[in-house]
Structures are given as C-alpha cells and as structure tokens.
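Both complexes shown next keep chain A, but they swap its partner, so chain B is in the first and chain C is in the second.
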Partner chain A sequence: MDLLGYGAFFLTTALIFSLVTLGLNLQWGLTGLFNVGLAGFVAIGAYTSALLTTPDDAARLGGFGLPILVGWFGAMLVGGIAAAITGIATLRLRSDYLAITTFGVAVVVQLVALNAQKLTGGPFGIGFIPRPFGSLAETPLLFNLSNLAVVSAVTLIAYLALEHLSRSPWGRVLKALREDERAAISLGKSARFYRVQAFAVGGAIMALAGALQAHFTGFIAPDNYLPILTFQVWVMLIVGGSGSNLGAVVGSILVWAIWAGSGALTSVLFAPEQQARAASLQIVAIGVMLCVILLVRPNGLFGDKPLRARFGKRAKAAAGEST
Partner chain B sequence: MNLQFVVDGLLTGSMIGLGAIGVTLTYSILRFSNFAHGDFMAWGTYATLAVVGATGAMFGKIAPIAPLSFGWPLIVALIIGMAITGLLALLLDFVLFARLRAKGQAIIVVMASFGASMALRSLLEFIFTSRPTYFSRAIQIAMPVGFGIRITPDQIALLLLTAVLVLGVHLLMTRTQTGRSMQALSQNAALARIVGIDVASVVRVTWIIGGALACVAGVMIGILIQIRPFMGFDMLLPMFAAAILGGIGSVPGAVLGGLIIGLAEAGAVQLIGAEWRAAVSFIILMAVLFVRPVGLFGVRER
Partner chain C sequence: MSETIERQDEIREPVLAAKNVVRRFGGLVAVNDVSFEVRPGEILGLIGPNGAGKTTMFDLLAGSILPSSGEIFLNGTLVSGEAAHRRIGRGLGRTFQIPRPLPNLTLIENVMLAAQGQAGEKLLANFLMPRRVAAEERIGEKKALELLELVALTHLAHEPARVLSGGQRKLLELARVMMADPAIILLDEPAAGVNATLLEVIIDRIRDINARGITFLLIEHNIDMVTRLCHHVLVMASGQLLCEGTADEVARDPRVIEAYLGGAV
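Presenting the complex of A and B:
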C-alpha cells in the first residue's frame, strides 16, 4: 500500500516535470529558442497562483482566496506575458542574447522571491496553498491517487494540444524557421512574431507546471526555483530527445527516476554529515551525462532527425557536382 | 551620498571587468557565450588557495609584505593558479567545446557550457564543501584619503594590478601579431582562415587569456570578500552584462562596462539596499538590449 502511494507521489512529481519539459520542447525543440532561466518562469507561475488562491494574509499582499482554476489560468497568463516581454526584447538579436536574458530573468525572479516580502513572503515562502481534494488528506493513498489523476489529466491535455500544434500550419512554420530561417522568411513568415508566440506559449506552460506543483505540495519557497531546476529540465529534454513531445515526457520520467533513485542511494550509503557532499557529486554525474549525450547522441531517445545536416550534406554534394 | 561607493564600485568593477574580458573574447572569437566562465573564476581561486596551502606546509608561516594582508606565497600561487585555470579552459575546450564546435551548431555549445558549469561547480562543492573560506582572516585598517573615502592597502594593490593587466591585454590585442590575428578572426573568420591565420593557436591563446584573467578576478574576490564554490556563478550575469554593454569583442569596452556596472551596483547598495544588488546588472542589460544592442564600442554583426 505504501509502495503504491509512493509510486503515485513519484509519478505526480515526474509528470509535473514533464509539463515543464513540454514547455521547453516547444521553445527549444520546435523553435530553437534557448531558455536557461526556465526556473524563473516556473516560479512566476507558482507565486501567481499562490497569491490568487491563498486565504487572506495580513503579512503580505493579497491572498485573494479565488478558486484553484482561476489561479492556474492567472499563472499561465502572467508566465506567458513575462516570456513574451523577454522574447520581444531579445529575439531580434543573436540567439545567445536570449540565453543571457533568460538567465537574468531567473536571477531577478529569485531576488524578488527572496526580498519582496510583501509580495512573496520572502525566504519563508507561502504556505496554506489550497490543494485540490484537500479533504482527502486523511487517507494519503486516495489523496495521492487523486492528485496523480489531476496532474495526468493536465499533462495529457497539454501533450495533445502541443502535438496538434506541432502538426498544424503554425507548428510547421516554427520548424521551417528552425531549419532554414532565410527560406521561411522568403515565404513571407515573420520570424520574430512566430518566435515570440512560441516563447510565450512555452512560458505559459512552464508557469502552469509551477502552479500545479504549488497546489500539489501546498507550500512554496524561493529554494524550489534555483538554477538546478533549469538544469534538471534541460537534461530531461536532451535525454528524451528535443523536438519530440513523447521524448519530453519519457525523458522526464526517466531522469526523475534516476535522480530520485540516486538520491535515495546516497542517503543510504553516506553518513548524514557527508550527504551534502554526496548530493553535489550527484549533480556532477548528471552534468557529465548531459555533456556526454550532447557529444554522443545529440538526438536523445526520440529526437527529431537532424534534417538540416542531411539536406546540408546532400546540398553540398549537389553543389560540388554542379561546379 | 557617501563617496565611499566610488572605491567599492571600482573594486567590484575591476572583478567584473577582468572576468568580462574572457567572456567577450570567447564570444567574439569562438562565437558562443560561455556559461562556465564563472566557474573558471572559482576554480582558479581554489587552485590558488590550494597552492598557498602547499607552500605554507613546505616553508612554514611566512610574514605578509608590510602593509598588505598577504606575502609572496600568494603572489606565486596566483601565477600558478592563472596557469592552472588557463589549462583547465584548454582541457574543457579539448574534451567538450571543440568537438561540439566541429558539428557547427553554436547554441549546442552554449548548452554544453551550462552543463559543464553545473558539473564544475558541484565538483568544487564536493572537494572543498560549500563552507566559505578566506586567504587571510587578518583585518586591515582602512586609511582615510579625503572626501570621506577609506581604502585599504590590499584594495590599492589590487586596483593597480587590474590596471596593469588591462593595459597588458590591450597592448597584446593591438600591438602583437597574435592580438591582430585574434581581432581578424573575430571580425571575419572565413577571411582570416584564407589569409593563413592559425586558427587553432588563436583559440588556445583566447582560452588561456580568458582563464588566467578569470583566476585573477576570482582571487580578488577571495582576498576582499570570501571564497565559495558559487562565487563565480554569482558573477556570471554582471560579466555578461558588462561584455554586452561594452560591445562584444572589445576589451576596453568590457572593462569600462564592468566599471559602470560595478559603480551602479555600489550606488544601488547605498540607495536601495544590498539585497537588490544583483538586479542592477539585469536592468542595465535590458536597457542596452532595447536601446543599443551593439553596446558602447561594438560593431554591427556581419
């Protein structure tokens, strides 16, 4: 019974991660936009939803006590707007500038979460976030299973919507822009406009994932949104294979299993005073894994075949023959 | 407003500027933003610390040079640390970046540098733990120099060191064949190859300069503030902002950008409070990207 409960808990966390990874896959896998500050967007979603739905609190702004669904939509709206602003500022420039700016967004969100006590509760975070099916909390198994059902449903909807989007004309324009920007522009597609849209939708999905997580645990603090989160999600996407929504989900579950498993292993193998050091070794291992996958199997498990390289070679060969 | 912020700002600015030189050179010559650059800083500092510890074990306690808080072991260790950091950068390039560069997708290299940054930093945490350490625990008395400004001998020495290093790099970039090759490669890589510039050796020099200067910046932080595995990662955003503000590829620009950001941070600490310091570089970065993305001394990209 305990095992089943833990399994449900584990899958819920993994599926929330896979929702973030799906958002990143839309930004990076489909559109080629590099977001190294995704922890910031997840945090924006979590804090927005928490502010909208918690009961009134004298120590900080709001606590508006709105329904949970309103919190989720609010999170998506604010996360999407934040991503759109970031995109508008940087997408006319080189791709590295977007990377640096998103990195900065994560730093600033972290600062606001820590220091703007009136808004975010500061280092102590926000508690008493309403949980869906909170009334079932006395029977943990039922509670975990119902949470799993909610998160699975949301992830499934996001997955189907993204699959539909990537096959739609809109998705084909994004892929065209990723593969050959000049050709796509020559067909009359505004590269910047499409990219800002993709970045905003991706940001909204990440924010939704943050909100789900907040309502699942009932408590959020700035420590949940450190750069390590960004890093984990990137590894999940690269392992699964960027460009594939299925890969994003499978990669998330797989990497989260490795992460949780190795975490459990270190807590068994190492003495308590050595555990902080063992945990840092865990990060080293995952970092090396990311680099090795990039070197050896850049398409991950289910990644898109690199169209550009193949056509590039063929095009070069053709050009070589004609001269 | 107390004028002390000028000294604090110039010192922070020197640390940012020295780091930003490496960032701007890597960006303009190797064409990617290196997220592991901050961790070169931390690795250089810990390497220097380890060498200081080794000399202490070999020669016993050595008295510091008159007004300064450190003696010759730190100076020797800094030079060795610079070499080690340069070699570390070369090694990382050989194992990782060069192979990915050969595949021709610049943004993959950025992602790899992000992964390498996490691994390098956590490795430091594993070896040295995340507890802060210091080169010296002695307290220096700051001398008043008028206008309500106080400065310690260490601070004067480090500002002079920064000036000498920046001048040196500037002369290297403008007066030597290597420097001109670096500029040529950053302006037009294809043409530089055609006129016979040895790209591999230019890339090596770029990594060594970037790594060595990152080490000096890290040791400055170590002497004036403290040594932590996260010390370099926290400098990453200011360094990127300084490099972009100064204009990618410009060494004087990177230093000037660093000084501007350092002064702005120190001013913000006085006016708003120290907890918002890290937001200053983000605001400056956004302003530059909206108003003048090529930066102060930048040239439009071809």
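Presenting the complex of A and C:
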C-alpha cells in the first residue's frame, strides 16, 4: 500500500515534469528556440495560481481565494503573456544569444520571487495553497491517487493537443523555421509571428505545470525555481528525444526515476552527516546518464532526427566495416 | 536557339519592375541606380561577373534586404518596404544560389509548406475547423505529388530532403516554389554545380513551367544555358546595369567582354 502511494506520488511529480518538457519540446524540439530560462515560466505559473487561489493574507498582495481552475487558467494566461513578451523582445536573437537572454529572464523572475515580499512572500514563499481533493488528505493513498488522476488527465490533454499540432500545417511551419528560417520566409511564413506563438504556447504549458505542482505540494518558495530545474528538464528532453512529444513524456519519467532513485540510494548508503554532500551524486548520476544517451543514441530515445549510431551494427554498417 | 526573339509583350504591365534601385552596404554601393522591367511570360536573364551585384539585386527584389532608395513594383503594386514573407503571396517566388531544402522534412512536406493561405497554419484553426484543414491538406498533398512528378522526384516523396544530391535539391526548390502558384520565379544560378544530365532536366522543366505562363528572372553563369533559355538578357557589372539585349547581342558587346575579362583588355 505504501509502495502504491509512493508510486502515485512519484508519477505525479514525473508527469508534472513531462508537462514542462512538452512545453520545451514545442519551443526547442519543433521550433529550435533555445530557451534555458524555462524555470522562470514555471515559477510565473506557480506564483500566479498561488496568488489567485490562496485565502486573503495581510502580509502580501491577495490572495484572492478563487477556485483552483481559475488559478490554473490564470497561470496559463500570465505565463503565455510573459513568454510572448520574451519572444517579442528576443525576435532578433538566435541560438546562444537567445539562450543567454532567456537565462536572464529566469534569474530575474527568481530574484523577484525572492525579494518582492509584498507580492510573493519573499524567501518564505507562499503556503496554504489549496489542494484539489484536500479533503482526502486524511487518507494519503486516496489523496495521492486522485492527484495522479488529475495530473495524468492534464498531461494527456496537453500531449494529444501538442501531437495534433506537431502534425498540423502549423507544426510544419515551426519545423521549417527550425530547419531554415530564410527558406521558410521566402515561402511566405512570418518567422517572427510563429516564433512568438511557439514561445507563448510553450510558456503557457510550462506555467500550467508550475501551477499544478504548487497545488499538489501546497507550498512554493523561490528555491523551487533555480536553474537546476531548467537543467533537469533539458536533460529529460535530450534523453527522450528532442522533437518527439512521446520522448518528452518518457524522458521525463525516466530521468525523474534516476533522480529520485539515486536520491533514495544515497540516503540508504551514506551516514546522516554525509547526506548533504552525497546529494550531489544525484547530479553525477544524471550526468552519466546524459553522456550514455548522447553516445549511444545521440537523438534520444524517440528523437525525430536521423540516428547517427556510434556503436553497434548500424554504426559499423555506416562506417563501411564488415562485422 | 540562335534566332533573335522579339522582347515579349511591351504593352502589358510588367510583372516585376525595379526603378532607380540603390543598395549601399556601408561605403560599398552594391546596387547602383538599377532600373529594369520583367515582361509577363518571358525568361529574362541577369548575367555579370562575380561581385556585380546580381544576388544583392535578387535579395532586394525578394525583400530579404530593403533598398537604400528606389522602388520595386510587383504587378504594379509598390512593394519595396514590405516584409519578405509577403512577396510570395503577391506572386513572387525565389530559389537560392545554394539550395535551401528543409533537410529533416520529407520532400512532400517541403513542397506542401509552400502552399499559401492555408487555414491549418493558424494555431486555433487546427482545433476549431479540423475538417477544412484536413481537406486543404488532401488537396495540397495531391498538388505537391504532381509537382514532384514534374521534377522527377516522386520516388523520393517520403524521404527526408537531406538525402538529395545538389542537383535534386535545385529541382526540389523549383517544385516547392511552384506550389505557391507564383506569377514570376527568381532563379539564382540553377545550373551551378549540377551535372550535365540533370542540367538538361532543369532546362526542360524551366521551359515547361514557362509554357504554363510563368515568368522567370534567371541569374546564371552558364552562358550556354542563358543562350538557350533567355528571351532577353540584362548585364550587370560593378552594381550597375551595363547593357541589355538578346543573349547573342550582349555576348558580342565589347563592354560585356571588358567587364568579364577586366579593364586591361
């Protein structure tokens, strides 16, 4: 029973990550927009929904005590607008310059969350975020399972919608921009218009994930949105296979399993006073996994780009060797 | 084809016209006060030594860069200040000197991308009117297959474009730009780096497409191809229009010979 409960808890977190990864896949996998500031959009979603739904608090702005669903839609709206503004501001930037700028945006968002105490509660964060099925909290298993059901449903809807879009003429234009912006422009596609759209839709999905996470844990603080989050999600997308929505979901679950698993392992293997240092082994585990994937399957598990295997029969065939 | 062909259709409005177009890059004047007209239905050649400003002229006509001064008209409409992606909707298609296929999209996706005014390219239409999007896609796919057949690439329709050879890439670009139903196509060196056999295919296809009433403006160094295809030829040198006439006339013009071989002759 405990195991089932933990499984549900684990999957809920993993699926929230896959939602973020799906948003990143739209931006990077499909459109080629190098967003390394995604933690910022997740944070915007979490804080927006928290402000909208928490009960009134004299120490800061709001909360407005609105229904949870309003919070989620509000998160998507504000996250989408913030991403669209970022997209418009960075229209002229490509690849590494775009990356630096989006990173800056995330740092700014995190610092605002940390310092604008009247708005965000500062370093203490926001607590008492209403949880869906909060009345079930007495029976943890039921509570975890219902959370999993909600998060699964949201992820499934997002996955199906994005899959539909990837195969649509709209998705084709995004891929064309990723491949060759000048060619796409010569064929009548407005690069600016589509880049902003990809930014906004991806940002809205990331913000929704942030909101889900906030309501799932009931408490958020600026520390949740450090660059390590961006790093985790990028690894999830690379492992799963950039360009593939299925890869985004599977990669997220897999990487989160290794992250959580190595965390559990270190807590068993090391003495309590070594725990803090041992925790960095989690990052080592993820790094090793990333290296292995990049060597064996450079395009990830489900990547839609050509496979350039370096080991095994295929690689030898490509190199013209006989086995 | 050595016989002199009269320049077509002097009366009808030109498909494309440049008036006193100037483009400076810092101190360099890449295109200096160039004016010409492209008549409906003709294949107009644009030749000149390297660095003459031909590709810059193409970029100006296609809107990739904006003129420092001067005007460009497409079917009588002033378009000089308009963004590049709007030109194809007004009937101007282009190919590139170095072909730009979308390497990880299939050939048919490459061609279908060029269709104009597709409802499915609007985000919400994919959810709100899926039937219309699907119907347009079916029509587009059929048309794209026909165009791939025209350039003899049907057998590769579902392969990614990265598998194509250099010459096949040029053919794919031709099919792709045709998908947009342009009135005029700007071709930038279609013969460059193409083997002799494939070159014949490209020449034949340009003739076929021209016979359908589509106008061409062609940059080319291959004089044989220019002589065989072009009704009329413009010569650029050092950013200026040097002379014009039939391919034979300009080939004999001493100014052209001087421009190609250098002033020392």
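We take it that the second predicted complex is superposed on the first by the 293 of 323 C-alpha atoms of A that agree within 3 Å, B and C clash if a C-alpha of one lies under 4 Å from a C-alpha of the other, contacts with A are read in each partner's own complex, and residues count from 1 in each chain.
Basically, contacts are C-beta pairs under 8 Å (C-beta built on N, C-alpha and C of every residue); 3 or more make two chains touch, one makes a residue touch a chain.
Small disclaimer: the values here were computed from a predicted structure and weren't measured.
By the touch criterion defined above, A:I100 reaches chain B but does not reach chain C. With both structures placed on the common chain, the touch criterion links A:A183 to chain C but leaves chain B unconnected.
By the touch criterion defined above, A:K175 reaches chain C but does not reach chain B. In the superposition on chain A, A:T13 contacts neither chain B nor chain C. Applying the stated contact rule after C-alpha superposition, one finds that A:N35 touches neither chain B nor chain C. Look at A:Q213: by the touch rule set out above, it reaches neither chain B nor chain C. Applying the stated contact rule after C-alpha superposition, one finds that A:T120 touches neither chain B nor chain C.
By the touch criterion defined above, A:S252 lies against neither chain B nor chain C after alignment on the C-alpha atoms of chain A.
In the superposed pair of complexes, A:L295 makes contact with chain B only, with no contact to chain C. Touched residues of chain A, counted separately for chain B and chain C, are more numerous for B.
Residues common to the contacts of chain A with chain B and with chain C across the two structures: none. By the touch rule above, chain A contacts chain C in their complex via residues 161, 164-165, 168-170, 172-173, 175-176, 179-180, 182-191, 197, 201, 304-306.
Only residues 62, 64, 83-89, 93-94, 96, 100-105, 109, 112-114, 116, 118-123, 125-127, 133, 136-137, 160, 162, 176-177, 180 of chain C touch chain A when the two sit together in their complex.
On the side of chain A, the complex with chain B involves touching residues 32, 34, 36, 89-90, 93-97, 99-101, 103-105, 107-108, 111, 114-115, 227-228, 231, 234-235, 238, 276-277, 280-284, 286-288, 290-291, 294-295, 298. Taken in their complex, chain B has these residues touching chain A: 27, 32-33, 35, 96, 99-100, 103, 106-108, 110-112, 114-120, 122-123, 125-126, 129-130, 233, 236-237, 240-241, 244, 275-276, 278-279, 281-282, 285-286, 289-290, 293, 301.
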